[in-house]
Amino acid sequence: MRRLLAMLMLVVLVVSMLAACGGSGNNSTDGNKQAVANFDVPEGGYDGSAVEITFYHTMGQNLRDVLDFYITEFNKLYPNIKIVSEQVGGYDDVREQISTEIPAGNQPNIAYCYPDHVALYNLAGAVTTLDNLIASKVEVTRADGSKEIVGLTDEQKADFIEGYYNEGKQFGDDLMYTLPLSKSTEVLYYNKTFFDANGLTVPTTWDELEKVCEQIKKIDAESIPLGYDSEANWFITMCEQSKSPYTSAKEDHYLFNNDTNKAFVKKFNDWYNKGYLTTQTLYGAYTSGLFTAQEGIKSYMSIGSSAGATHQRPDKVDGNYPFEVGIATIPQLSADNKKVISQGPSLCIFQKSNPQEVMASWLFVKFLTTNVDFQAEFGMASGYVPVLKSVGQNEVYAEYLKSADGGDYVSALAAKVCLDQQDAYYTSPAFNGSSTARDQVGALMSKCLVLTSDIDKQIDNAFQDAIDECEYNG
Amino acid sequence: MVDSKQQWKAWLYLSPAIAILLVFTVWPIFNTVRMSLLEGYSGLKAAAGMTFEFGLGNFQKVIEYRRFLQCLQNTALLCVLTVPVSTLLALLIAVALNSIKPLQKILQTIFFLPYVTNSIAIGMVFAAMFNIVGSFYGTENEIIVTAGIINNVIEFFGGKPVNWINYGSTYVANITVMVVYIVWNALPFKILVLLGGLQSINKQYYDAAKVDGTPRRRVFARITVPLLSPMLAYVIITGFIGGFKEYTSIVGIFGEQMGPPDDAGRLNTMVGFIYDALSTNSQGRASAAALILFGIILAVTLFNNNVIKKHTHY
Amino acid sequence: MDKRVMKAKNMQQASLRSRTGKLTVQFFTYLFLIVMALIVLFPFYWMIISSLKTLEEYRLNVPTFWPKRIMFSNYAEAFTTANLGDLFVNTMIVGVSSTLLSLIITVLSAFAFARLEFKGRDTLFTLLLATMMIPGELFTITNYTTVTQLNWMNTYTVLVVPFLVSVFYIFLLRQNFLQIPNELYLAAKVDGTSDIKYLWKVMVPLALPTLISITILKMMGAWNSYMWPRLVANDEAHRLITNGLRNAFTTTSGDVNYPVQMAAVALVSAPLFLVFIFLRKYIMAGVSRSGIKG
């Protein structure tokens, strides 16, 4: 008892002590920043001084080999910029690491990032805006005597796939924070052999998909015609396709609780109950496993990441693939508002007290994102899609795309489909809490798909719960 | 009576421990308290020069969370269920291991093996054990590709398969899986500690009991358990503290959703809540939740300590 | 019937019963142990078979209990992909030095708490226990700032020092020390034996099983630590085994190549396992021969 009392005393002491210090720092200021670019290109641009640039990423060994080669290439132009590349772990590891490092001022110079990471770092205003860098006309001299304009030329800007490039300025203040490095999207994988044999047409709209599912069910009653990997992507993409609000980076972030969205959720619930589809969490295993299955229950369509194409290919039996994989754009609501999600890493540059470090970082980021050869090679090694339209000019990549088929070169086929639909990419607004919204709509979707009774009311509740959770965490 | 030589000697011996604890434990705790009392504190916002109001807002926010009671309930339930079961099982195994002669070495070695098994492997097994792969449970379209190892065993003995962790599963089934998982995870450590303890019990006590012809059960109750009581106390207290911090095990089975697909967050715990808050850099709220948890654990530990003190024999 | 005969007969029966009883007890003891051993062993088994599967087989919807095609090449790949040698050496340096220092600090503190009388002892001890109850994740941010200010980034120091003191271990060892009769200490003091000598000659041998348990836990800690090392010493020269393994086997599409990762885990676990087998002998032999107390 006496000890308990001692503890309590201690707590009281601490509280009162802190009350004392807390009182002085009471004049809280608003954290909202003015929408002004936070970095100005210094006179003369990069002055050639020796700097060390740390680059956090998630690349495995095979990608690091590609990266290392291009670091060497970069150093031929800028020998004084030393690039230290560090694989930190997965994307979440990178985010956690950097958000711990920022308060201590130890953040790297460049990092792999997703939009919500940048929103988090920006709580501390730690990410450099790229606007002035992109616009800069300052010339810098490279080691080989040639000149380079610091900013992006109009051709360079136009060469980026628009949807990817625009991801850099979806933070609600119209400023540019990231450049895309390599991207992936969702594509529709289908069993081409089965589709051809049964005279099925590949669905381009959701209505057609429903019909195809119905037909497949007639051919193979045991099957689940469609497997969808990610419920969250599905929900967000449906919002985009139906031009219905999902989230906003400005005030009042969470806008997805509306009738349009409830309507499509209800429609998919109906499809689910008819046995047309399943998702990864509902199925309890990778839906690609269902798609590639040789016996038992199968699916004949699978919507998943374009970077995972090899997982959607069945194992060889006696040296041959049991069926040919076809890849198409995911179904749409209408042909004139095509929308497919854009995922995959971008690069952001962190603020540093030495502007030369920022300049050097920018030159490297620009080198990686605008170098067609790097983009081509990195794309082939990673299964991700290059971010430049002109990547076809790279001979090896053009050859790679030509080899595309539904078997050995299924990754190339996926890349081809991705490049063909380059006008359809969208990205969602990013803010601190946007990943919570993503998690919540994913959970909402799987919860609603399996409803069997009292559906309207339950859907209403699920939407409200998701909003509540978002607003609590936001 | 406290002699002064012992005084300074004691502090001398304790000085390395205290020095390190002051820097790496006590200071962070003070900082935690500070953050919990600054409303809406976020380390990143603070780095941007933002200041925060002093107050109890963080605590209020934690308690207002719609699933706060659910988090508390899950935390408490997992503690209350897993600690006795794992302690008892570990005790039985340790005593059994200590009592046999042939195969003793091999079995002891086997019970050490889990230490060198990576946690990733453990997570993978559990996915295979309880997870049903299939769809449309409870409808006419029901499809089951594989029912999981546990259900295979149940069916082998003529029982009905249970939906453990997939959508449509019950809370009771979910908690059962968690209890099995946590107990399993905790066993090797407890066996190790208890076995170590058993080895330090003087053989003479047992020899005396043998001469007296005392029955096994009495030897167990009157000699083994009392002499092992410090180790048992240790295992129970650390078990409770570990139980209150349960989080990664739930993520291991249910994923970040902390629940079956149709009821995300159903199994969330206090530490899960803290992680959620940290993911949006809301350290103020995370700290407040941690201190609430700390208060609860402290109360339980003091209670435990008092109970154990009465029953522990030194 | 004569009462005596009856008694003799009863006794015979009783001894027979007790013998069969003993056999039954033995049977059930073994049965219990073997069943529990199988349960406990299952993840280990899973680790080994997973390490021998192809990635495709690992991803199958219906998991297989025995690899269809045994891939010993996973082990070769694990060895060549990750820099296992360096990772191993780093982990050993951190593991051994932190274990040794931690043991010294723990023994001294436990001794003070168990044997010495000083003002505020119980309060201090309770306070120490209380520190165990705060989730460590909250410490990370503050500790990160501290080690940055101390300029300890990317050193062995930062991997060893912050976690040298474990209240867990002090508590465990104190409980153990308390069991050793105080008379031994008083006698030693009368003889003029120094504390350190007494600790080394009497207390440490008596508490050997606990100390070995601590050693095992501490070594395992070095083997499994992930978050902190990644944060403060993720450079090539200081990287520890778990960090090295977690990151080395990411495939092109961003997935982890689990079979190869498992192979790597199995590889680095092997020496550890040998250490355990060696220590097991000590745990079992440590005290049974020392009949000092009682």
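Things worth noting here:
As written, the chain order gives the labels A, B and C, with residue 1 at the start of each chain.
Convention: a contact is a pair of C-beta atoms (placed from the backbone, for glycine too) under 8 Å apart; a residue touches a chain by one contact, two chains touch by 3 or more.
Just so you know, these numbers come straight off a predicted model, no measurement behind them.
Distance from the centre of chain B peaks at A, each centre being the average of the chain's Cα atoms.
Here B-C and A-B were compared by C-beta pairs in contact; the pair with more is B-C.
Separating the CA-averaged centres of chain A and chain C is a span of 40 Å. One inter-chain figure worth recording: chain B and chain C are separated by 16 Å, centre to centre, where each centre is the mean of the chain's CA atoms.
One simple way to say how far apart two chains are is to compare their mean CA positions; for chain A and chain B this gives 36 Å.
In chain B, the residues that touch at least two other chains are 43, 133, 145, 298. Annotation for chain C: residues 61, 130, 141 touch two or more other chains. Looking at chain A, residues 3, 7, 103, 285 sit in touch with two or more other chains. If you check the complex, the residues on chain C that touch chain B are 25-26, 29-30, 32-34, 36-37, 39-44, 46-47, 50, 61-63, 104-106, 108-109, 111-113, 116-119, 121, 128-135, 137-139, 141-143, 146, 161-165, 167-168, 170-172, 175-176, 178-179, 195, 206-207, 209-210, 212-213, 216-217, 220, 224, 258, 261-262, 265, 269, 272-273, 276-277, 280, 283-284, 286-288, 291, 293-294. Interface of chain B with chain A (complex): residues 30, 33-34, 37-38, 42-54, 65-66, 131-136, 138-139, 141, 143, 145, 166-168, 255-257, 261-265, 276-277, 279-282, 298, 302. For chain A in complex with chain C, the touching residues are 3, 6-7, 58-63, 86-89, 93, 97, 100-101, 103-106, 285-286, 288-290, 293, 305, 307-311, 315, 381-383.
Against chain A, the residues of chain C that register as touching in their complex are 56, 59-61, 81, 122-123, 126-127, 130, 140-141, 144-145, 148, 153, 230-231, 234-235, 243, 246-255. By the touch rule above, chain A contacts chain B in their complex via residues 3-4, 7, 14-15, 18-19, 22-23, 25-29, 31, 99, 102-103, 120-121, 123-126, 222, 224, 272-273, 275, 278, 281-285, 296-297, 432-433, 435-436, 439, 443, 446-447, 450, 452, 468-469, 472-474.
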